[in-house]
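I've put the structures underneath this note.
In the two complexes below, chain A is the common chain; its partner is chain B in one and chain C in the other.
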Partner chain A sequence: MTDTTQTVEMKPKRTSARPGTLALLLNNSLATGGLIVLVAICLIALAAPLLPLADPDVTAPVDRLQPVFSDGHLLGTDHLGRDLLSRLIWGTRVSLAVGLSATVIAAFFGSLLGLVAGYAGGRVDTLIMRGIDMVMAFPYILLALAIVAVLGPGLLNALYAIALVNIPFFARNIRGITLGLSRREFVDAARLSGKSPAQILFLEILPNVLPVIVITMSTTVGWMILETAGLSFLGLGAQPPQADLGSMLGEGRKILFTAPHVSVIPGLMIFALVMSINLFGDGVRDVLDPRLRAGSLTRPVARTAVERGDAPVPPPSGKGGVLDVRDMRTEFEIGGSVYKAVGGVDLTLAAGECLGIVGESGSGKSVTAMSIMGLVPTPPGRIAGGAAYLDGEDLFAVSDRRIRKLRGSAVAYVFQDPLSTLHPLFTVGDQLREAIGTHQPLSAAEVKARAIELLSLVRIPNAKERLSAYPHELSGGMRQRVCIAMALANDAKVLIADEPTTALDVTVQSQILTLMNGLRRDRNAAILFITHDFGVVSAICDRVAVMYAGRIVETGRTNEVLASPQHPYTAKLIECVPVLGEPERRLDAIEGRPPVVNNLPDGCAFADRCGRVRPECRSGEIALVISREDRGVRCLYPLNTEGAA
Partner chain B sequence: MAAYIARRLLAAIPVLFGLTIIVFLIMAMIPGDPATAILGSYATPENVARLNRELGLDKTLFEQYVIWIGNLFQGDLGRSYTLNRPVLDEVLERFSATLILAGTSLVLCSVFGLLAGIVSAVRQYGWADKIITLLVLVGISTPSFWLGLILILIFAVNLRLFPASGMYAIYGGSDLPDLIHHLTLPALTLSVVATGVIARLTRTAMLEVLRQDYIRTARAKGLSERKVIYKHAFKSALVGVVPVIGIQAGFVIGGAVYIETVFQWPGIGSMLVTAISTRDLLLVQGGVLVVAAAYVLFNLFADVVQTLLDPRLR
Partner chain C sequence: MNELHAGKSGGDTLLDIENVERIFGGGRKLFGGKMPAVHAVQGLTLNVRRGETLGVVGESGCGKSTLARLVVGLDLPTAGTITFDGEDLTALARRNRNALARKVQYVFQDPVASLNPRKTIRTILEAPLKHLTDLDARGRERRLEELLEAVNLAPEFLERYPHEFSGGQAQRIGIARALAAGPELIVLDEPVSALDVSVQAQVLNLLDALKEKFGLTYIFISHDLSVVESVSNRVAVMYFGRMAELGPAKEIFKHPLHPYTDLLMRSAPAPGRHDLLSEDAAAELPDPYNPPPGCAFAARCPRKSDLCLSARPAPDAARGQDENHFAACHHPLPRA
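Then we have the complex of A and B:
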């Protein structure tokens, strides 16, 4: 219970002191570094008139092409003998001013167009967006070149050109957000309270759009500085004697072979400027757009990490099932707190038997199923203890290679939503053939024949033609049949079905259940059937285990548990199943919510929602009491005990 | 599928028309009198009037557009007054050189970008990921025209491995080794930024895909990690990356303007820069139009590839 107290202590700290935007930004060391460099460059550029610099435009032919670190010229001189340090700082000033102005202009007009298009909708939207599309149909720099060609070379014209070609980026981004916002309740409320469209747009919507504008600005400003420098480099931007970083580079290029420092130095400055802006911009984006924050997209590895602190539990002696799960514990570590999704689960599954695991969402039943073959995503998940024995082989101790061999052949899975669990870009046949070919050394023709056979087995009509269908072309029931066919491809000993019928309508659900039941009888496969629905359990399961807050609270033969539930939670769950012809039956969900598994209370986890709770229920460890061979309950004051005894 | 491609081609026609309108309007918006601009400020009024008549500038804007587009359909984009040859001939000749450069760069950035992105995603937070992420940041922050100069300094001046310029004979006379010799530096330089962008996007797309349910299904089937990543995850990630490669084509062609100038590559970019400084506006107009049309067609191609990859889009 030390973990619990730790998390309790941590909680208020995290909620009361939610870090501000700036604090989050400074947390990111790269963004901080970028900000420091950027601020330093900006300060130096701003202070240019105050610094003891040589006049950037005074030529001194005698001192031409002085190298770096020469006397009086720290960075040397160019082909006209002008001091490079001074020109660099003054040039940076110009480049910064031009880049920032272009960004502000593009942001202003682009956001305005986007706001109007997104809010007005209809014809205005179509008109504006078609125009934007048209501009975006041009390669970006090319359009800027065309504009400069018309306006004539010059720094201001380059600025306009770069600003103009960037307007579409802003318009598109802002329009999308505005479109979403203008259908929200607060906008409706403002409209009903008689505010004018302009008021709604600028007082209600604009503040919500502002973060997006800032993100787009921070990600484009570096680019705009680069592009204006590029136009100057080509001789189309700043005209002599005025100089920005790009035109310095362009002039230096002519003497690249004799005095490389003249072009290398301004290029380095552009690089430092743009790099620091990009680092900072990425940081800003991460803070303002948490969806993109690094770490929110963590890649799960191929197999759940196993970190068993204690020695693994030995396999049960004597008659074990085909699958024996002993004291299995699975945890998730998220943001410093540990969620004990599965807190010590024991299961035994004999060949040809169907065991149901029932519980509300969040009870840990799916995690239990995934843990067995190491399919719980790591990070953040890990198996923290216990063991799972498949025919006496500890699945948490075998090699990755071995587990890969067992997956899909000895133990096969059927998952909940067949649309998301089938790969959308491969045909049903591809996926089925892959399942067969991975574990059986068959020729292509044999694999195909087997695939057709499997599809017929799960009663898919026109099996041969269906092989070339994509998942989205099939109905939900058909897709789930394909998933079941895939699971059956290698005559698995254990079939783990994780809510296989939840996404399906009732008729299809009963067809799938009948199908699975038939297959179990025919092939003597064991089924671990995860569901939240006691109705489904009664249709297919021999035995049932009820899970709550990561532990089994009651287990027994299905008909016994259904007829005389002993745990108050089981009783409530059974009450939730509607029965035909009993309309007066109470169908209200169980009051309250299951406890969060990073902060489990002492004693019974169900105590807070239990009508029969007594003080003793809230302390100590409550054991799963096995009353008869396969009947057990984790409750101090069970129901219906006389009936079961 | 054929019907889809036909539909997409039809949809591209209004876009192409839109392009001609924009290009035409930009050129029509030139401040001042184009005839004076072409002839210079010392031209006599009679000469100006005659040139205006010759250029059709005494007619309304709409009439001018109709005449212009009519000529365009006959392959007549006017005559370059600086080169004294038909604009279309010059533009097509230059464009083929740009296609070689930009096409090579696009292949390079696609291959390197996708590979780097995959490695980065698979080794998330590992050393390879950190190094790639840093290189990507450096790559997209480096001015390509400056990088070109640096590469010339290193590989052409100091190491003497590749030439700094001198690609004059794209049309006839040059053999493949010579072409590759001249192409290496500019193509590499041009591909750097796009490689970074594609790598970044591929990484995000791969990470997104690897969390999908169907990847768990692939693992539950007992597939090797290599198949899970390079077959199941990569194909899905590619669907998102292909349109970005299409967009990057635009940036590569645009970037070619700098790179062609730096390496004196006889392509359309360096032609445009010269034409702008000599105010040869018909040449600018023709060049912009041809490149923009090619870009539209390439994006069409990217769309079709995306649809081939993803049956749901058909």
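Then we have the complex of A and C:
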């Protein structure tokens, strides 16, 4: 048995590689602006008792309705002669306090209900959620009014009312998340570790729900302040003489035309407050959104950026073939470091040929496949060099329009998870018809006939009836066949299949492989077949390219590579495949792990795991040496080469 | 021999599953009528001997994971009994879940999903020690060290979070967690399916070593026949919630009786193999809401007769040469 004690990689701890939460937030200028305004308002409101302000509630009928900038009253006075500046600051203080407390109360009870409903499920869930539905069935303002009518007007009662009407919002959000989390394997694992349901709910699930609670709070606080102001405006919240923003607005309304400043000033404050909170809240949401956590600060664009720099674009290889990839490089820039996911890959693919790409996960197979049609998300990805020629046309140089036209017609993809390709809310027929219709000008009847033809082609029984089936009504194998049918909708010249059978059962896998094999024979399509399984390669590929750390380390005809692998990595990889009928065969595993592609070593990337390593392997660039037409290996001391070292 | 005894074999029985059934759905609707019911597992009789590895194979949806969850007490059977070491496992799962968790543990298919993303490895591994053992803080610390050493992980890993691990490392942690409370039986539900072949071999070798070291018994579930063959003493082939074939691993793979076992074997790809058998596209699983009266495999079976369509074969309808080799088939494959 191999004793590969797994140790922590020696990579220096790079805390700065991924931008921190605050850095991400500050990068968003709107959110920063919101934060600054909000902090300023809060500071002033908090400091109200310390500021040299007039008493907000003392009336002085003599000074009534003083305009802005009058002596001693910076913002003037209201109809009872009270100082508006003072009332504004004290009023903001009250509105903020009420809004925040209402949010906290609503968040607490709403989240609690949501957590319990989502975790307990069954009858408890039904009961809680029906109750919530009942609360939600009333227009919220009506409900708030009813509550205040029962409890009597007053700021505290308004607070309760606002909190109560917002509980369902939290409960629903949190229930959904909890429901998903409690079906996760780590919850079962905690159960088997002996944790009680309460411990699981509050120690395992709650920490995962917390970000969502924070996001929901930050996006509802502004809303709740508005609602409180609304109730006060109607005279149901703060009672005179106490000032809050809503009641100030309400008092000013009666004299809107004679003294507009009395209502405009609190109105502006409400606007500034709610706006700043919402901008900041949106910023918080974006930061806690895991998609942005990866380090990208802007949304991905529809096509991978091409930044090939000054280096000359490599010309086509001259071998002909439909697809000709030359020295393709794809990088991801995350934080401060550059991950060379694909580091110079050459591939050629002739019509009717099937080329397999094999390698461990993370070796760059998928990125290679996605780069060809610009499907790698930018940011963080970019194509940093090389070219991909489709019938002589450089795919990295053509217009966005052209690439859209080619995607799904000349070059089609089939992915591992059919559910990620199929839209759950449309029938198979709708999706097939769309795939056909966008690229071919056909009548509705022709499109339908073509859709049926395609489904029969991928050997789906009762093709006509299946058109009206939804993806979830089909088995995994059927769904994958539908994806293949969609890929074939427009007579693709090149089919790029990324682990199309990995998620399927062996029996279904062999059906799909047979199907794809037949298709390339009948339609002369070229297939780029990505897999990590040498068994699958044997079944379908004419040639195979082995990838390691973003580069091709060996290539050749499938039979030759399997019978006499030349790269030590290929040999090891083949060795550790278990084979039916040879239960004793399971030999040594490959020790260690592939290098991380942001920090590739000099020389051979496999050196640390290689049994044949010599000092020369660790320096310089090791070229892919082509021995015969299709055969190449990137190794200084290859195996199975007659006459070589 | 009747249905109940087909799954039995001699030896020191640790786990005894008798005529177990698990139905999902099937309750009453609000306005009369019954909700549709699915038999995830049905009429399953099977035992596991102390110290052996029992492999369970079958297509997705055939009830492998349901069986696994029943054995660890995460789910309860709707009929039948499960006995662990002479004790009623189902009753124990109801009464004292932790007592069961001390004896039977589980390793999950998706190693990363089985670790809480917001907990360090230390917290994750300490949980079973805290709740299932009576070790004090010092004892726990020592046990943590032992566990990490047993699964070949460096102690530095303890303070890290799950997302910092590769699949293989995460699965080692999952195995360490299962070992923590010193169980006798571990149910491994597709433990290597999510891993690369290179890592797969490492984990399989580790499992072998641990079994030896701690005297464990495994139930090893997988859809990959070659993996099952390389780890199992006995193999159970499941189809559509029932046992299709059961017997010693060597016998099953050399002389399969059930046409389904044969189909699985001939569909498995292997390096250097080009002649994959491929069924008709029409070959689909039967409708679980409307199961056929006869053999569930009949729609896909090249050997079916009228008998197959009308009468369901008993689990021991066919016998192999080995006395512990059975298959649920009216027309078993001849010995090649």
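We take it that the second predicted complex is superposed on the first by the 408 of 645 C-alpha atoms of A that agree within 3 Å, B and C clash if a C-alpha of one lies under 4 Å from a C-alpha of the other, contacts with A are read in each partner's own complex, and residues count from 1 in each chain.
Methods note: contacts are C-beta pairs under 8 Å (C-beta built on N, C-alpha and C of every residue); 3 or more make two chains touch, one makes a residue touch a chain.
Since this is a predicted model, take the numbers as computed values, not measurements.
Chemist: For A:Ser443, is the partner it touches chain B (first), chain C (second), both, or none of the two (neither)?
Modeler: neither
Chemist: Given the touch rule stated above, what does A:Arg253 touch, chain B (first), chain C (second), both, or neither?
Modeler: A:Arg253 sits against chain B, while chain C stays out of touch.
Chemist: Would you sort A:Ser399 into first (chain B), second (chain C), both or neither based on which partner it touches?
Modeler: Neither: A:Ser399 stays clear of chain B and chain C.
Chemist: What is the contact status of A:His532 with respect to chain B (first) and chain C (second): first, second, both, or neither?
Modeler: After superposing on A, A:His532 lies in contact with chain C but is clear of chain B.
Chemist: According to the stated criteria, A:Met275 is in contact with first (chain B), second (chain C), both, or neither; which is it?
Modeler: first
Chemist: Counting only touches as set out at the top, which of chain B and chain C does A:Pro153 meet: first, second, both, neither?
Modeler: So A:Pro153 only meets chain B here.
Chemist: Go through chain A and flag every residue that touches chain B in one model and chain C in the other.
Modeler: Chain A residues touching both partners: none found.
Chemist: Over in the complex, which chain C residues touch chain A? Could you list them?
Modeler: Those in contact with chain A are residues 59-60, 72, 74, 97-98, 101, 105-106, 108-110, 113-119, 127-128, 130-132, 152-154, 156-157, 160, 166-169, 172, 174, 177-178, 180-181, 196-202, 204-206, 208-209, 223-227, 229-230, 249, 253, 263-265, 267-274, 276-285.
Chemist: Would you pull the chain A residues touching chain B in the complex into a rising list?
Modeler: My answer: residues 130, 133-135, 137-143, 145-151, 153, 222, 226, 229-230, 233-236, 249, 253, 256-257, 260, 263-264, 266-267, 270-271, 274-275, 277-279, 282, 292, 297-300, 302, 373, 375, 377, 404-409, 412-413, 415, 417, 420-426, 434-435, 438-439, 470, 472-473, 483, 486.
Chemist: Note which residues of chain B are touching chain A in the complex, please.
Modeler: 15, 18-19, 22-23, 26-27, 29-31, 121-122, 124, 137-138, 140-146, 149-150, 152-153, 157, 204, 206-208, 210-214, 216-225, 228, 232, 235-236, 239, 249-251, 253-255, 257-258, 261-262, 272-273, 275-277, 281, 284-285, 288, 291-292, 295-296, 299, 309-312
Chemist: Spell out the part of chain A that touches chain C in their complex, as residue ranges.
Modeler: Listed in rising order, the residues are 1-8, 184-186, 188-195, 204, 207-208, 360-361, 458-461, 475-476, 478, 481, 505-511, 513-515, 532-539, 559, 562-563, 572-574, 576-581, 583-590, 593.
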